[in-house]
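Quick one: structure below, then a few questions.
Each chain carries a letter (A, B, C and D) given by its place in the written order, and its residues are counted from 1.
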Amino acid sequence: MSSTTLDLAAIRADFPFLASELNGHPLVYLDSAATSQKPQAVIDAEVDFLRTTNAAVHRGAHTLAAEATELFEDARATVAGFVGAQPESLVWTSGATAGLNLAAYAIGNATAGRGLPASARFALRPGDELVVTETEHHANLLPWQELAARTGAVLRHIAVHDDGTLDLESAASVIGPRTRVVAFPHVSNVLGIVNPVAELVAMARDAGALTVLDACQSAPHLPLDLPALGVDLAVFSGHKMLGPYAMGGLYGRADVLADLPPFLVGGSMITRVGLDESEYLPPPQRFEAGTQPVSQAIGLAAAVRYLDGIGMDAVHAHEVRLERRMREGLRSIPGIRLLGDADGAGRVALCAFEVEGVHAHDAGQFLDARGIAVRVGHHCAQPLHRRFGMTASMRASAAVYNTDGEIDELLDAVSGIRGFFGVGA
Amino acid sequence: MSSTTLDLAAIRADFPFLASELNGHPLVYLDSAATSQKPQAVIDAEVDFLRTTNAAVHRGAHTLAAEATELFEDARATVAGFVGAQPESLVWTSGATAGLNLAAYAIGNATAGRGLPASARFALRPGDELVVTETEHHANLLPWQELAARTGAVLRHIAVHDDGTLDLESAASVIGPRTRVVAFPHVSNVLGIVNPVAELVAMARDAGALTVLDACQSAPHLPLDLPALGVDLAVFSGHKMLGPYAMGGLYGRADVLADLPPFLVGGSMITRVGLDESEYLPPPQRFEAGTQPVSQAIGLAAAVRYLDGIGMDAVHAHEVRLERRMREGLRSIPGIRLLGDADGAGRVALCAFEVEGVHAHDAGQFLDARGIAVRVGHHCAQPLHRRFGMTASMRASAAVYNTDGEIDELLDAVSGIRGFFGVGA
Amino acid sequence: MSLESLYQELILDHSKARDGYGLAADEAPTATSHQHNPVCGDDITLRVRLTSDGGAVRDVTWEGSGCSISQASASMLTGLVDGMPREDASALIDGFRTALRSRGTVPLDEETFGDAAALSGVSKYTARVKCAMLAWVALEDALARAE
Amino acid sequence: MSLESLYQELILDHSKARDGYGLAADEAPTATSHQHNPVCGDDITLRVRLTSDGGAVRDVTWEGSGCSISQASASMLTGLVDGMPREDASALIDGFRTALRSRGTVPLDEETFGDAAALSGVSKYTARVKCAMLAWVALEDALARAE
């Protein structure tokens, strides 16, 4: 891979927060998988809207409302385009968690006989199976657990190999005629490995099951074409991709969204409301009840425009470089155990690891004192940590704005952890 | 009531948007019931956070995360205090619509046997009754309609008098031993009348029913003490009370929240997650799945601090004055029919009306051309409009930043509508 | 644009006269469409009767409520398509849609659109385009149903 | 505050020595509490055995996993409360909580808190207060259960 061509000094200057200090050191922010920093362009887009056009959308004839509606729908087209989709295929949500709950509850509502006649195709019968992986973020596990518990469906799990790659034999044996949903992460937020979407989609399709992709950790880091991936539904979170909090997207194939019953109900998603019965709009509005996150949609559009300005291929190439530097560096430090250390896998710039003999919290505190912000804990993936025989790990995750030098500072600091805590050689 | 003591020039200077022009006229913004404008202090609070402290909360040991968590929990205490509540009684939601869906779905989940053993007290049996009013915003109607449809419960409606006040005899006859939920607006977004909460809560309590208050249109306009009102659950929306979009609150009595099953599930609301079963945190975290709207919470706290800085008594007194001026003015214009024109009712500064012979859309266009932004349509209250024999109305709604002069401009413009369209005298 | 150029006399007149108001008898070959604007709650029921060979529009009648733009637009449409071959009616609707979605860049020419050309100004008011389109969408739908 | 003053030698030593580690036999009067920190997944099972009249702590034993702060804190607690009247143990826990929540304004005095006084520095790290409190909350809960 050719060396990075990004002008990192210019990019970093776009992120005011990156110039901060942390505990007396220049901040090294390596927690972007939890939440990314926002470029000034995103902040400005929101502020400009609030100062000049602010009005509720899709409601009311005044010029402001019309202008706001236009900006809001332009934002939809922009963000949809970023993931290769048509605007009508993009539903705004308050985040990935909300999007995954939408998917699970909508299927639950179909099971309860709600929605259109065509919604019946999503209804679950007792004994039907929902499939997830052992690597799931809780956001893509609990909605299916609860849906199974409510409907009598059975939850099944695709195993993960010791090296962090999904066990496709396990997938092939778990996915079968009773499978109705296959939900999985594009990239696990602990392993950082790009999963084989095509293989899983093919198995799910053969089984006649719906596919749900958690694209939280891929959308900010690699070029994404959701229709080309062939998944039925996919979610991502704005705050992880340089955008605002409280904002995310649910992509859905047109025919799937068309037949799915609503989840949240309320204003702006209806045609006719009677005291006892109501009719709902087509997608995407059917899934967008209530006042929408207008300024946040505009902010998220600014974020993906910023990423597109750099180019997702360049972003990805840069992050692949960072990842290799980080992983190779960590491998060479004694007492470091990497989670999901497969060679040759496609990856985003994220490493989770254990420092033998030092609890992750202590290790994280040590880095924090040196101005390095990483994440410690189970990263909302308790089953995955249990699978690897631990309760917590430390995770360093980079984004487009991180530098080789920051990776080196991380590696240098990590080398000092065991010594400080009097562990090991 | 004494004349207003607000320094309106100073207040208006805090809202950059109010200095805009609309169609060549200074903007007269009378659509605050749809969404309010935001003071610079709110915008600054969010921007400052994003530029200096931005990190995900409740997750991870680094200093930034700890600081963000503290700001976030301080915001909770501030907003809870604004409605008279303890911090643990306030759940963040993405808005009132999300909060009302939370209430309805949590009850649905209890009905499906989910939650704690104590959650069973919320479970519905076929034939159980859910009560709303004829005046509901769709956000407080559709969640109950869908819940009824999913569970076999029956939805019933409290009637409204011609003058816009709730028919308490109807309430007394509708609320009875089979009633499990009584949901109603503190102030309808079309009628503007403050409903008799104490009476309705007393009836619901006698029936052993849960009360759910839609406080969207009261929270920005009058001093609110939710525990004193005695309701079990209540919701409000940040963007209607000078705060950010995508942000709202659900207040719950401690014992109710303690027993309610979760709604959205995912990260940060669990204690232990197994592959097949999980355990959930106590409230409020139980109801806050996934990355929270951190910057928006901080923005909303800034908004209520701004309101508290003025004083909600003063805000309310000012708006009562505006309302009287507006209502009396409209009454004196020929061909205007006000919705909910009861004398003597407590009110917020909101008037919905019909211009006889002129469609609301046309009337709204006329005002828009004069720089006056009002809302036209059914205002997400189709059943209420049907009750009053119309499909759409025009609504002018004021907030703390509006002036007598703006009301007079509205009145002057409204007087010209019928003439322009060649209708009437 | 001034309010006066949006609400031209011709529009206000049509919105009161409402040509074609009142549904004709439902005798084949006939098709009816119901359309609804969820934003404002306006609706229209429009009926097209075809010539006995089904090749041309015999007449268009309608009922419903709405703003002056939507009422005038329905009224104007009525006179325009009576007796028109189906293909021409379809082309007319396409042209109308293109102009209305053009944000003022594509005017409606008077030769083709008759009185309805007065609706050109609506295309600058994105929130009102749906009002003007309502009857036209109903006719499009009715013609499709008549197939 | 420097990292060295958070992680004093005494803390690192206790985190390795882990006094009281390994649960004693479950013979009455005894009470056990399980506590869990959902943020990091750490947990502790702590058992308090009371004197036969139930008036004082006989001994405290525990098991579990966690960071050095939580392990050291449990270890320090053990030696401190052995033989202590229940009321005094409760007061001690209250005092510990007050100091740890004080953000560095209320130090733990050595006379009362012994080795645990070395945990004073934790109160400046709000994210770590739960780690230091875990064993103490478990003891509080166990004493309440023993009633």
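Definition applied: a contact is a pair of C-beta atoms (placed from the backbone, for glycine too) under 8 Å apart; a residue touches a chain by one contact, two chains touch by 3 or more.
Bear in mind the structure is a predicted one, so any value in this text is a computation, not a measurement.
Enquirer: Please name the chain that ends up farthest from chain B once chain centres are defined by their CA atoms averaged.
Expert: The most distant chain relative to chain B turns out to be D.
Enquirer: Would you say A-D or A-C is joined by more C-beta pairs in contact?
Expert: A-D
Enquirer: Would you kindly tell me how far, in whole Å, the mean C-alpha position of chain B lies from that of chain A?
Expert: It comes to 31 Å between the two C-alpha centres.
Enquirer: Calculate how many whole Å lie between the centre of chain A and the centre of chain C, each centre taken as the average of the chain's C-alpha atoms.
Expert: 46
Enquirer: How big is the gap, in whole Å, between where the Cα atoms of chain A centre and where those of chain D centre?
Expert: Here chain A and chain D have centroids separated by 38 Å.
Enquirer: Using CA atom averages as chain centres, what separation in Å is found between chain B and chain D?
Expert: 46
Enquirer: So which stretches of chain C touch two or more other chains?
Expert: As it turns out, chain C has residues touching two or more other chains at 39-40, 125, 128.
Enquirer: In chain A, which residues are in touch with two or more of the other chains?
Expert: 59-62, 65, 270, 272, 361, 365, 376-377, 382
Enquirer: What topology does the chain contact graph adopt: line, ring, star, complete, or other?
Expert: Other.
Enquirer: Any two chains that touch count here, so list every such pair.
Expert: Listed in label order, the chain pairs in contact are A-B, A-C, A-D, B-C, B-D.
Enquirer: Okay, in this complex, where on chain D does chain B touch?
Expert: The touching residues are 36, 38-40, 125-128.
Enquirer: Which residues of chain A touch chain D in the complex?
Expert: 358-362, 365-366, 369, 376-378, 382, 385, 391-392, 420-422
Enquirer: Report the residues of chain A in contact with chain B in the complex, numbered from low to high.
Expert: Spelled out, the residues of chain A in touch with chain B are 16-17, 20, 22-23, 31, 34-35, 37-38, 43, 46-47, 50-52, 54-56, 59-65, 94-98, 100-101, 105, 109, 112-114, 134, 137-139, 141-143, 145-146, 149-150, 155, 157, 237, 239, 244-247, 262-268, 270, 272-278, 289-296, 361, 364-365, 367-368, 373-377, 380, 382-383.
Enquirer: Touching chain B in the complex: which residues of chain C?
Expert: 2-3, 6-7, 12, 16, 39-42, 65-69, 125, 128, 131
Enquirer: Contact residues on chain A for chain C in the complex?
Expert: On the chain A side, the touching residues are 58-62, 65-66, 69-70, 270-272, 281.
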